[in-house]
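Listed next: structures, encoded as structure tokens.
Paired with subunit B in one complex and with subunit C in the other, subunit A is shared by the two complexes that follow.
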Partner chain A sequence: MKPVPDLPVTLRVGGPLRTIERRPLPPYAPEVLAFLTALSKRLLTAPQTRLHPDIAAFAYWCRPANLARLQRAFGAAHARLGRGLALHIAPANVPVNFAFSFAFGLLAGNANIVRIPDAGHPQAEVICDALAALFADPAHRRVAAMNRLIRYPRSDAITGSLSQIAQARLLWGGDETVSRLRALPVHPRCVDIAFADRYSFCILDADAVLEASDTVLASLVKGFYDDVFLLDQNACSSPHLVLWQGTAKAKAAQARFWPAMTAYLEKSYALAPVHAVDKFVHLCATAIALPEAAASQRHDNFVYRVVLDRLPADIERHRGRNGFFYEHATDDLTCLAGIVEERYQTVTTFGIDRDALVQSIIAQGLSGIDRVVPVGKALDIGVIWDGYDLIGELSRIVHTA
Partner chain B sequence: MSNRETYDSAFTETFMIEAKDLPGLKYQGVAAWDSVGHMALMAALEEAFGIEMDIDDIIEFSGYEAGQAILSKYNVAIEPAA
Partner chain C sequence: MTAHALTDTNAAEDGAADPSPLAIGPWLAADPYGMTAAEKDAALSAVLRALTQHHRAACPDYARILDLLGTGENGMTHLADVPFLPVRLFKAFDLLSVPRDEVFKTMTSSGTSGQSVSRIYLDRETAALQGKVLARLMGDLLGPKRLPMLVIDSPAVLRDRNAFSARGAGILGFSLFGKDVTYALDDEMRLNLPAIEAFLARHAGERIFLFGFTFMIWQHFHRALEASGIRLPIDNGILLHGGGWKKLQDEAVDNAEFRAALGRSTGISRVVNYYGMVEQTGSIFLECEHGHLHAPIQAEVIIRDPLTFRCMEVGETGLIEVLSLLPRSYPGHALLTEDLGRIEGVDDCPCGRHGTYFSVAGRIAKAEVRGCSDTYEARS
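Moving on, here comes the complex of A and B:
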């Protein structure tokens, strides 16, 4: 095995790179489950977690009951082992994403080198401090020996050196970053899992919105808020387009949904003035660039809506941020075939038969849409992501016949 | 430890409150029982009783008394208070 070179990186958690233990474990190994359980407990009881619901969500995800559920769902059809060393290039847009990426690598049984983005997110420091404390505990010696969390300024030389010794890479970032990283020479057996730019949208059934009780409407609004505004509409799974099923009642449903959304935003969302300006500028640009934009409506400065009289095939190229939506009503969801391509990731739905939608995606052979989940679940990352079974991809089968 | 003691200590340790404050306690009744505190409480109860709660039960777990009825679905019987 090629030695791990000494590289000019900042070690955030774990010992020197050259001492990393690369002997893999099987998926869902007891050592790893014990480690993630301890991490979950430590983070859920840390006072700083109260300030960061995203840390709480990560900690809650790696609680033992959930890991046991994931392990059962993964099954034991084959004998499996981690691939070896997994290199993670984590994204800067979602503060706790590096922690999930790391957990996926661990659960699959790999040693991991995780490059944490230097984006100044306090969440990263809270999680790294918790990891460091657990690494110092002799009970987690094996996991500590196998893992390093590091920082270094963008450098193809360093990423290239690490790529040559990795059996798997998890590459998070925009198309440009991913293409550049994939051009680097890698270990011949290396498996790349690339999470490039994605596009997501939402389908709301007009009848369901109109018939919803006030309680159900309130939870729809809260869910939509979580999907969009927790990360300022910057996450790859946050919706940019809202499709209304049912043209006859769409206007009435919109007149119920958006004011409720705006009222919720007024009490929950700290709108930065620059974002209000950005949305206005984006609206002007849209009016020039998009002939299908028939009208627009603004709800205070919180929500901008652009009404589309037809769905342009390239709608995914027109995206706003911080509460900027394109909207279209339809009676026939097969219209999706006219817009969906590989970039499409998540569809969040309300009042829609999700199983039927999945079947129709398959029957039509669409080249995109990897996820159909209820409104409110857009940001719930998990071991099935971007169409990959991550634990399966990050481990290898030891087959016997 | 009785199931009641285990149940009570999940609350008192998660929220740093005293046993006498538990009867009648509801979600958001103390500052510590917010949405983050709720996740910590659910994780503590699942671990203490070795159970995996359904998402619906986690959402409906709205108070100290309501929680006892929910746990009974998982064959966890909380003894009557002494």
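Moving on, here comes the complex of A and C:
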């Protein structure tokens, strides 16, 4: 095995790079489960966690009951081992993403080198402090020996050196980052899991919205808020297009949903003046660039809606931010075949038969859509993500016949 | 109304009767600060209504925007009803209301390196109207005669002609109101004391017109004088400056300190800030003796709530919208800026000028980018 070189990186958690233990474990190894359980406990009791719901969500995801569920779902059809060393290039703008990426690598049985961003997110420090404390505990000696969390300025030289000794890379951050990192020479057996730019949308059933009780409507609104506004509509899985199923009642359903959404935003969302201006600029630009835009409605500056009289095939190129939506009503969801391509990732739904939708995606052989989940779950990252079974991809099968 | 019909307004420049609401004559003849806000609202909204129709007919992109915003021609009874465009749109799109072969001059904003710049397309008519209104406002400020002029900048700014940068265009534009135009700084932005002293000797006892950009004046003129312990005898000077306070705010220098400091280094007692932008050249907002920026009759300021875009009350801080009757060759007669400010009062400034007076509080803050992209960033 090629030695791990000494590189000019800042070690945030774990010892020097050259001392890293690269002997893999099987997926869902007891050592790893014990470590993540301890991490979950530690984060859930950390006082700072109350300030950061995203840390709480990660800690909740790591709790033993959830890991046991994931392990059962993963199954034991094959004998497996981690691939070896996994290199993670985590995104700068989603504060806890590095922690999920790290956990996926761990659960698959890998040693991990995680480049964490230095974007000034306090969440990263809270999680790294918790990891460092657990690494110091002899009970987690094996996990501590296998993992390093580091920082370094953008450097193809460093990323290139690490890529040559990694058996797997998790590359977050969109097309540009992926193609840049893909250009670096890698270990011949290296598996890249690349998270490219994606596009997501939402399907709401007009009848279901009209018939929803006030309580159900409130939870729909809260779920839509979480999907869109927690990351300013910038996440790959946040919807840009809202498709209404049921043309006859779409207007009435919109008249119920959007004012409720706006009222919730007025209470819960700190709208930056620059984002209000951004949306207004985008609306004017949309008028010029998108002939299918037939009308628009502004709910103050919290929600901007552009009504499409028909769905342009390239609607994926038109995206909102901070609460800017394209809307279209249809009676026939097979219209999806006219727009869906590889970039499509998540569909969030309300009042839609998700199993039937998945079957129709498969029956039509659509080249995109990897996730069909209820409104409110768009950002719930997990071991199945972007169409990958991450634990499966990050481990290798030891086959016998 | 077509762009062609507008060119007849030249006939009305001496104030002769012209039925077009777009005739400039009456707006040049009147006292620039002589209308109450209510009088102006009625008179100016008739012009802006006509301009909205003109641009809708002449600029297809503008028409598309109005259609999508759901703006009709009716109900535009007040200035606040005039549809406005975000000023940033001029950075992303070439918006013209004249054929390209009638473009006489293209103005660009002075974005710092890497930023995109606004491109404002002027035909001869709009450029001429800008000049006339600016002359009217400057005449009110400086008097009927040209004054000896000291530009607090380097002549190199004009030699480096990347189109018309806002800085160069500002210097050229205001130089029309001075004579014996002399640059106070050399090519390296250092104080050119021999030139300044010779200029002051030539014009001893005369009123002097000084012009420059706020930060340049502070950094390269006031600071340099202070460092060398020189006090220039320009007590009879009137200093016009603009360009924004951002860099000076970083140094905790406000308008009062700026005035006081220049008093110490030059004796100048009349310091006049102005607020204006390349997107509405000509109809600028000048500061009065009481430190208030005033809207002249040819322009207006509206403050809008960032959360709703509704008009805000006197004293409330929000986004500044600027309106001007000048833009004919591009749809820039009502623009939402990215500056924050507030109306200080209406018709009752102690200086005696009528209309709206206001203050500018700076740019809206940039926001942190959240989301999945941009991982492999330079920071770490």
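By definition in this document, the second predicted complex is superposed on the first by the 401 of 401 C-alpha atoms of A that agree within 3 Å, B and C clash if a C-alpha of one lies under 4 Å from a C-alpha of the other, contacts with A are read in each partner's own complex, and residues count from 1 in each chain.
Going forward, contacts are C-beta pairs under 8 Å (C-beta built on N, C-alpha and C of every residue); 3 or more make two chains touch, one makes a residue touch a chain.
On a predicted model such as this, the values are computed, not experimentally measured, just so you know.
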Specify the partner with more touching residues on subunit A, choosing between subunit B and subunit C. C
Tell me which partner A:197 touches in the superposition: subunit B (first), subunit C (second), both or neither. second
Please indicate which partner A:181 is in contact with in the superposed arrangement: first for subunit B, second for subunit C, both, or neither. second
Taking the superposition as given, does A:56 touch the first partner, subunit B, the second, subunit C, both, or neither? first
Answer with first, second, both or neither: which of subunit B and subunit C does A:136 touch in the superposed model? neither
Touching A:236 in the superposition: subunit B (first), subunit C (second), both, neither? second
Report, in rising order, the residues of subunit A that make contact with subunit B in one complex and with subunit C in the other. none
List of subunit A residues in touch with subunit C within their complex: 89-94, 97, 115, 117-119, 151-154, 159, 172-174, 176-177, 180-181, 195, 197-198, 231-236, 271-277, 280-281, 283-288, 293, 295-296, 298, 300-302, 306
List the residues on subunit B that touch subunit A in their complex, please. 14, 34-37, 39-40, 42-44, 46-47, 51-53
Give the list of subunit A residues in touch with subunit B in this complex. 37, 40-41, 44-45, 49-50, 53, 56-57, 59-60, 63-66, 68-69
Note which residues of subunit C are touching subunit A in the complex, please. 61, 64-65, 67-70, 85-86, 88-89, 92-93, 306-309, 319, 336, 338, 340, 364-367, 369-380
